[in-house]
Structure formats: C-alpha cells, structure tokens
Amino acid sequence: MKKFVNDPKNFVPEMLKGIALANPKTLKYIPEYNLIMRADIPISNKVSIMQGSGSGHEPAHVMAVGRGMLDAACPGNVFAAPPADFVYQTTKLVASPKGVLHLLNNYTGDTMSFNMGREMAEAEGIEVRTVTINDDVAVKDSTWTIGRRGVAGNFFVMKATGAAAERGASLEELEALGNRVVAVTRTMGMALTGCTPPAKGTPIFTLAEDEMEMGIGIHGEPGRKRVKMAPANEIVDELLEAVASDIPYKAGDEVALMINGMGGTPISELYLLYGYAHEQVEKRGMKIKRNYIGEYCTSLEMAGFSLTLVKLDPELEDLLAAPAEIAIRVF
Amino acid sequence: MKKFVNDPKNFVPEMLKGIALANPKTLKYIPEYNLIMRADIPISNKVSIMQGSGSGHEPAHVMAVGRGMLDAACPGNVFAAPPADFVYQTTKLVASPKGVLHLLNNYTGDTMSFNMGREMAEAEGIEVRTVTINDDVAVKDSTWTIGRRGVAGNFFVMKATGAAAERGASLEELEALGNRVVAVTRTMGMALTGCTPPAKGTPIFTLAEDEMEMGIGIHGEPGRKRVKMAPANEIVDELLEAVASDIPYKAGDEVALMINGMGGTPISELYLLYGYAHEQVEKRGMKIKRNYIGEYCTSLEMAGFSLTLVKLDPELEDLLAAPAEIAIRVF
Amino acid sequence: MSKDVEYVVRLIANTVFENEQYFSELDGVVGDGDFGYSIARGFEKVINEWDTIDHSLPGNTLKGVSMKIVGAVGGVSGTVWGTAFLRAGITLGTKTEITQQDVIAMFRSAIEGIKKRGNTDLGDKTLLDALVPAVDQLEKSFNDGKDASTALDEAAVVCRQAAEATRPMLAKRGRAAYTGERSIGTLDAGAVAMAVLFEAVSKAWKE
Amino acid sequence: MSKDVEYVVRLIANTVFENEQYFSELDGVVGDGDFGYSIARGFEKVINEWDTIDHSLPGNTLKGVSMKIVGAVGGVSGTVWGTAFLRAGITLGTKTEITQQDVIAMFRSAIEGIKKRGNTDLGDKTLLDALVPAVDQLEKSFNDGKDASTALDEAAVVCRQAAEATRPMLAKRGRAAYTGERSIGTLDAGAVAMAVLFEAVSKAWKE
C-alpha cells in the first residue's frame, strides 16, 4: 500500500486535524464525534445543513464545510457510514431553532445511520428533514435494492441548499429545493484503476492493464460492465449518452456540466475530457451555463472520472454561483 | 498506459481546448502557438506576465492564467519546454508598453527556449525581463549544473507578481519582486510512484512496492535517494528539515506552508500531511500565516507531494491574499 | 450472571479482533471491504471503555455494549449490531438470571430489530440468513433437552452450513447489492461472521 | 545542389522517425524520456511544411529547416538542433555548390552554435561528445583524400565509438544532469542519435 499514512486507524482523524489546523478561524474539529463544523454555528435564524458519509470521497464532505455550503460534516471511516451516535451528536451541535437539514447519499449504511441518528435527535425535540441524493444512473432502480447511489451530484445539492439557507430559506423550503436539485441531476462514473482503503491495505478491486469499468460506484462497487480501454472521447460518449438520456435532458435545456476526477486522474486529463464533453453536450442542443472540472467526490486514489449534468433554472443557477467559503480553495 | 487520451500527440492541444471552452469569456486559446492567454490583454498600463514550461504540471501554468495571475502561458509538450518560436510569439501577443515579464522554471531546456525567444522579441523592440525560479532544495547547487530546479514554489512567484502587476507595478519592480519571492521560497518533493507521459506510453521510472524516492523532480528526475517506505510523519520530518534548514528559516518567521500534491495523491492524504507539517513548523517557532493544500504543480498522475515554505513579509502576504480569477476554481 | 454476559461479549470481541482481516476480505469480494474493520472498531470501543458501562444488570451491560457500538461504527454494521444488542438488553430487562428461554427470546428480539432497522428479511443474503437458522436450531436443541454445550455445537454447525448456503444467493442489501448478479457465488461476510462467532462460543463453552 | 541538401534532410528526418521510440527510451534512463518524441515532432513539421520553406538556395533551405524545428520543438533539442541548422545555413550563405571544405565549415559552425546556445562543451555528456569526434574524423578522412563514402563510413564508426564512450561520463547538461552519479553507466541519448544519423547517411551514400 503506497499511501501517506501513519496508523491506518487514525487516517480520518489525522486528516480532520489537518483541515482544522488549516482553517483555524472558520472551522472546528470535534475529535470526540469525528466531525468538522463551522466555528460560528448554530446561527439562530438559519437552518443548519449537515452531511455525513464514508470518508475517502474528499473534498466531499468535510472540505465542503463553510459559510454558504455545509454547517457540519460527520464522516465515517473510509467508505463506512458515520456511526448513528455521531449523526445524533452532530445534529445536536448544529441544531438551530429553524431546524436541521440532513443531506444523505443513498446507501443502505448511510441511510441506516442517519435514520437512527435522526430518531435519536427528534426524540429530543430537534426538527430534522432529510434529502436523499441518488444521482447515479449506472445502477438501475429495482424493487429490491435501496435504489440509485448518491455520487458527485451531491455537490450541487450542498451548494444550492447552502446558498439558500444563507438567504434565510426555511427547513421545508430547503427540503423541497434539495429534492428539486436531485430531480434534475444525473451522473455516471467509470474507473481505470482500483483504490486501497488504508485500513484494508490492499486494492478493493483490480483492473487489467487494458480494462476499465463503466458505471463504477465511488466505493469501488462494480458498475455496468468491464470493457477494454477506449479512447477518451468514446468514454465520454458512453457516459454522456447514459446520463443525458436518463431524465432525459433535451435540446434547449440550460445545464451545468461537471467532470469530476475520482482522485488519481490528473487535472490535465479532466480538462481534455471536458473539452470533448462540452462540444458533445452543446451538439445535443443544450447550453452550458456553468462548468465544474476537478475533484468534487472522489474514491481515494482511484483513476477515473464521472460526468454530471444538472438542468438549470435561473434560481438554481444563481444559487450555484453564490459565494461560499470552504476549506478547498486555490489561494 | 491507463490514461484518458485520444491521440497522444494531441494530448496538450485537447487539454487547452478544454480550458478555453470552460472559460469562454475570460480566456483565449491560440492553437497555432499552443498558448492560453487572457482575453483582455495586452492592457496598456499593465506589465504582462507569462510563463511557459513543459505540460504535465497542471494546474501550472495554463490553468493559472487570469486576472491577478498570469496573462499567458505557453506550454510545451508534456515535460518538454515550449518551442523558442512560441515563446517569441506569445511574448509578441501579450506585449504591453510597460513590458513583459518572463517567469521561468530553472531547467536547461526552458532556459534555452526562453533565452532564444526573448532574443527574438527584443530584436523587435519588446522589453522583456526574466525571473528564474529555483526553489527545489533537493538538488544541491554545483559549479557545473544549471542549478536548482523550479518546482511548486513557482505558484508564489506567479501569485505575487500577478497581484502586483494588477496594482500597476513596473517591469523593474516586478522583476525585483519575483526575485525577492524566489529568495524566500524553498521546496522539496518526494514520490511514491512514477508517471507516464502520454506520448511515451510507459512509466518514466518505477519504484518497488516498498520504495519511495526523496527529492524527486517534477519530471520524474531522480532525487536524493531511494529508501524504504516510511510513515507519513517521518516523510514530512525529512522534507521539512531539508527545506527549513536551507535558507534557513528561523523561529519567529512568518511563513506560508504549502503541501502540494503531485497528481495521484488524494486530497485526504494531503490534509493528513498538512496537519503534521503545520504542527512541526509551529514547533520550530514559525508562525503560519497562509496555507496551501492541494495540487499546484504536478507530475501527471505521480503519487507524492512536495512541501514548500515561503518566508512572508506584510507586503508579500497581502499580494498572496489578493483576488485572482483563474481557471482553477471550486464553484 | 453479569459475568456470563461479560464472558460472552469479550469472547465475541476477541473473535472479531482475530478475524478482522478475514471479515474485511470477505466483504471486499463484492462489498466494499470494510466489514471486519468496522465491527472490530465497535468491539474495540466496547472493550476499551468497558468500565464506563453500567454493569448493574446483565441487561444494562448489553444496552451499554449497544451504545458503544453505535458510537463507534457507522452504517449497516453499527446500526444492525447496535440494534441487536439493544434489543437483547431490553428483552432481558431487569432479570438477573438468564434461562434458555431468555436466550432464545433475546435472539428473536434482536432478529426482529435487525429486520426492521435493515428493512430486510431472510433471503436477502445478510447475516440473518445464518443467524436465523442457527437460532432455530438452538431453540430446537434446547427443546430437545440438549445441554447448553451440545445445543451450541449443533447451532454452530447449522450456522456454518447456512453461511455456506449464502453463496448462491443474490445480495439484496448493503453495498454488495450493487454488484447484482456478480454477488452470486460469493459468501456473505456477515453470515460467515455469524458462523465464526457461533463456533467460537460453542468451542469456549466446552472448555 | 539543393537536391543533395533535401536528400540529407529527408534522410535525417526518416531516420529520426524510425528511431523515435528508441531515442526516447534512451533519454528515459536518466533523462525525462522526451528526446525522441521532441525531435521527431520537429522533423515532422519540417517534412509536412517542406513546401512553405524557401528553397532558392541550399543555405535558405537549411535556415528554413531551423525555423520549423524552433517552431515545433522546445528546450534543449529544439534550440540546439535549430541553432545547428541555422548556423550551417548561415555558413553556407549564398553558395550553390557544397565542397568538402564547406561541409566541415558548416559542421564547425553548428558545433560552435550548440556550445554557445547550450552553455556547454566537450565532456558534458551531450551530443557534442559524439558529433565533434565524428567531424574531426570526417575532416581527417577528407584531408587524407578519402572519397565521400569512405570518409562518411569512417566518421560513422568514430561517432558510434564516441557515443559508446559517453557511458562512463557524468551528465552535466540537460535533465539527465540532475541524476548526478546515476548518469554514469548510461548512454547519452543525443550522442547515440548522432551515431545513428551518421550511420544512416553513410549507408545511404553507398547506395
């Protein structure tokens, strides 16, 4: 395992310590409950928004805490949902009179922790609503699975609800807004390589030198199929077709386009992919109003990317463009 | 080779196309000379600043073009200096009456291209000054090499001179400022894995599963030594000692601390490294006024990182904090 | 009696610690490879903070174990195992003696809790597919008048067989469910863990 | 006479194309693995845009070749090879016939240009360490009255030996220089390229 790690068990806490030391004025790290929160919350006239999920997807979600986005993130261990007690404790810490919005990627484990944590918080009179994010088109809905996974599209839910909360939206309004964003957001990802959770020490899966996996999940869950490596443009074509035919998006739509790196793919390649994806989206008659190229929701050091389309309306576009102050910044 | 690439020969142009499509209002891509430039330059009362180097170090330098940083970047192929003619053409395109500042990472190839390009531009009456960046402490100065390499510390030179140019500094002032930043900036990097230039198709070098290379260059040039893998904290200790003992920095200094990812290392690990580095820098009695955690100057998909210290003064700190509008952004 | 509960909890904990890597590997085949790690961290907290748990009654010990697990492990394993211990503790209530009937009642209540929390049932390829047959056997052996050691032995054998029988199943819960058809032919990690634990308890009971 | 120049330039270009991968691999041992790729792109531009070059004089052809290289290849190779062709073209001036003396003068002038542009000299483990001995031999063979074919043959042999002799040298220029001691024991890519090119020209001359 070639990683920067001391004790694998301390991987997440040591990362959180780094986040806190890098943002001493704006963020707080509460080691006891493994959480990162804004230093200035709860704010009495603002709904608090929190998200938790397994670690290993950074910057999601611990580096997306700050004014205009999340008020707190309670991560679990790498690829493991946060403990229910931590969901509960975080909810208590951020609870404002206007309530708490839980953002949740749609996985069994996360859902179970958040449900249990929410029940515990509600038992103490805290008002909680939940938005479940399930933008991944790779896994088809079925009667017996929990349904589509939440992947990189979670960025747009965090950003839009975060901006709206800052402007005073109520808990009900934020819940509706979150669901509205989910309804217009679709993603599909793929991988060239596996990744190694620090505590496991060996890759979750491996792909042959000439193989790639289409429709991969952000925990290395197998996707739609393993196929032979293909030129970049063909990969974009396939992901875009899967995504764009899903809602479906149609000519004339205004959209945001995201090329999200999975962690091990250099930004040069992401821009190369973006260039072609941009042309193809416009060729379908859509108008790209905002673009996102970089790492938003990763799988440790996995090489690969996901493509996300969001159908915009003027309100949503405005919320996405609003300022935010989060750990991830360039200068 | 597991990369997102169509024709390896078009890797750089396709990436540049992506940058331009993602920033249609602010940036221009001139395919003929392989360059990215601000759409609004030259500005007659502002010195223009440009940098060129091999590609493969993104976001340096093509994604650092924008108001407050570079006016243009003329990249070469992956890990290859730009053609002298392109340096010349770029210089002509950005030339303002106040002159052109060349920023240059100290490598034989880059220096030769920039020298030849500068001579060609000066022959046409364009005033050019050059700041040579050589922050890498891994390679000791010697009488016969070109001297220390320019690595991730180039970010601080771009940022400071870019901000000062925006404020109206003269070419002479910018040259002096650039050299002043170089004088207080030191970096050392290391790698866990090699990387594969698209046109080469195979890794430049390989490291065994239990091996790492200390003092690596950003083109995979061998560093000080190959040693057995060590815990993250020990690696930070070694890089920090090499860097901090070089100027040397001393207790009481105000500094900026950068943990720069080499391309394949996830941001979670970079924050883990930062947390410990922060503590150790403060233990040495320095005060960290600004921090930078992420990818600033990479080597394709190499796993590894570099640590940079910059000794700050109030003017420099202010220039580093000034706004800039570049391709790399989060939302 | 709290001593017996303590003994079993510690035995479970130690068995989990010994099998951490193995359990994770099983989960890694079609899941996300965190099962062993997760559950080991849960029992680590249980053991490390043993003295902060209220041990005034066996039922309180079990509830305390639940809270430690729910405070250390997230997702499926944390909530499922936490719910199981919580339900068992609630079922035991203020009793100070634990009869064979109590043991079965605790297991039944834990199983119901897991089904509700996990929105799952038999046949979904989860630990229930090993746990339920094992408890059925345990109850049958008790009813047949077998002694504790023999009953545990028989339950352990059934548990192992039932765990092996998850192989042809299609995973319908947890992260393994995303693999769809590919999950067929692999063992369910949670089910194997049940077998390993039943075997450990049965072996220890003999000694 | 421009035909001869064209013939040699095209021969060099084709030889470079054939050896692109090989040259890059040589550069990859202690350098950055771009040498073959770089120089091939340079000659690609030369060949693709051949008709845009002013071929009114052999010297102009050489200067045009230089500008194409300098417009396609960066760094050491672009400026060094560009400077070499530029200097050769300037030295030839308006001559329309190229004598043996002219050939030597062109080489000498190119070598001086490379030394200046590269801030380098013999012994730094660069292409000069193969080129200079080869040109010395070529001059000697010419002076000894050998015909072109024999002289080229002898120069090629010396060039190959000299390229091999870069192995024990310490690289003092280019990216290979950063390897320090590790560059000892490896061939210099540029020097080997000189040998390959001299051999190609000498072979072609015989046919």
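Letters A, B, C and D mark the chains in the order given here, with residues in each chain numbered from 1 onward.
Definition applied: a contact is a pair of C-beta atoms (placed from the backbone, for glycine too) under 8 Å apart; a residue touches a chain by one contact, two chains touch by 3 or more.
Just so it is clear, the model here is predicted, and its values are computed rather than measured.
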item	value
From subunit B, the most remote chain by mean C-alpha position	C
Euclidean distance of C-alpha centroids - subunit B vs subunit D, Å	32
Rounded Å distance, subunit B centre to subunit C centre (Cα mean)	54
Whole-Å gap separating subunit C and subunit D, where each centre is the average of the chain's CA atoms	75
Chain contact graph, described as a line, ring, star, complete graph or other shape	line
All pairs of touching chains, each written as two labels joined by a dash	A-B, A-C, B-D
Contact footprint of subunit B on subunit D as seen in their complex	24, 28, 30, 32-34, 37-38, 41, 67, 70-80, 82-83, 117-118, 124, 172-175, 177-179, 182
For the subunit A and subunit C complex, residues of the former touching the latter	9, 52, 54, 76-86, 107-110, 112-113, 115-116, 139, 144-146, 149, 197, 199-200, 202, 204-205, 217, 219-222
Contact set on subunit A toward subunit B in their complex	2-6, 11, 14-22, 55-56, 58-59, 63, 159, 192-193, 209, 212, 229, 231-233, 235, 263-276, 278-279, 291-295, 298, 300-301, 303, 305, 320-321, 324, 326, 328-331
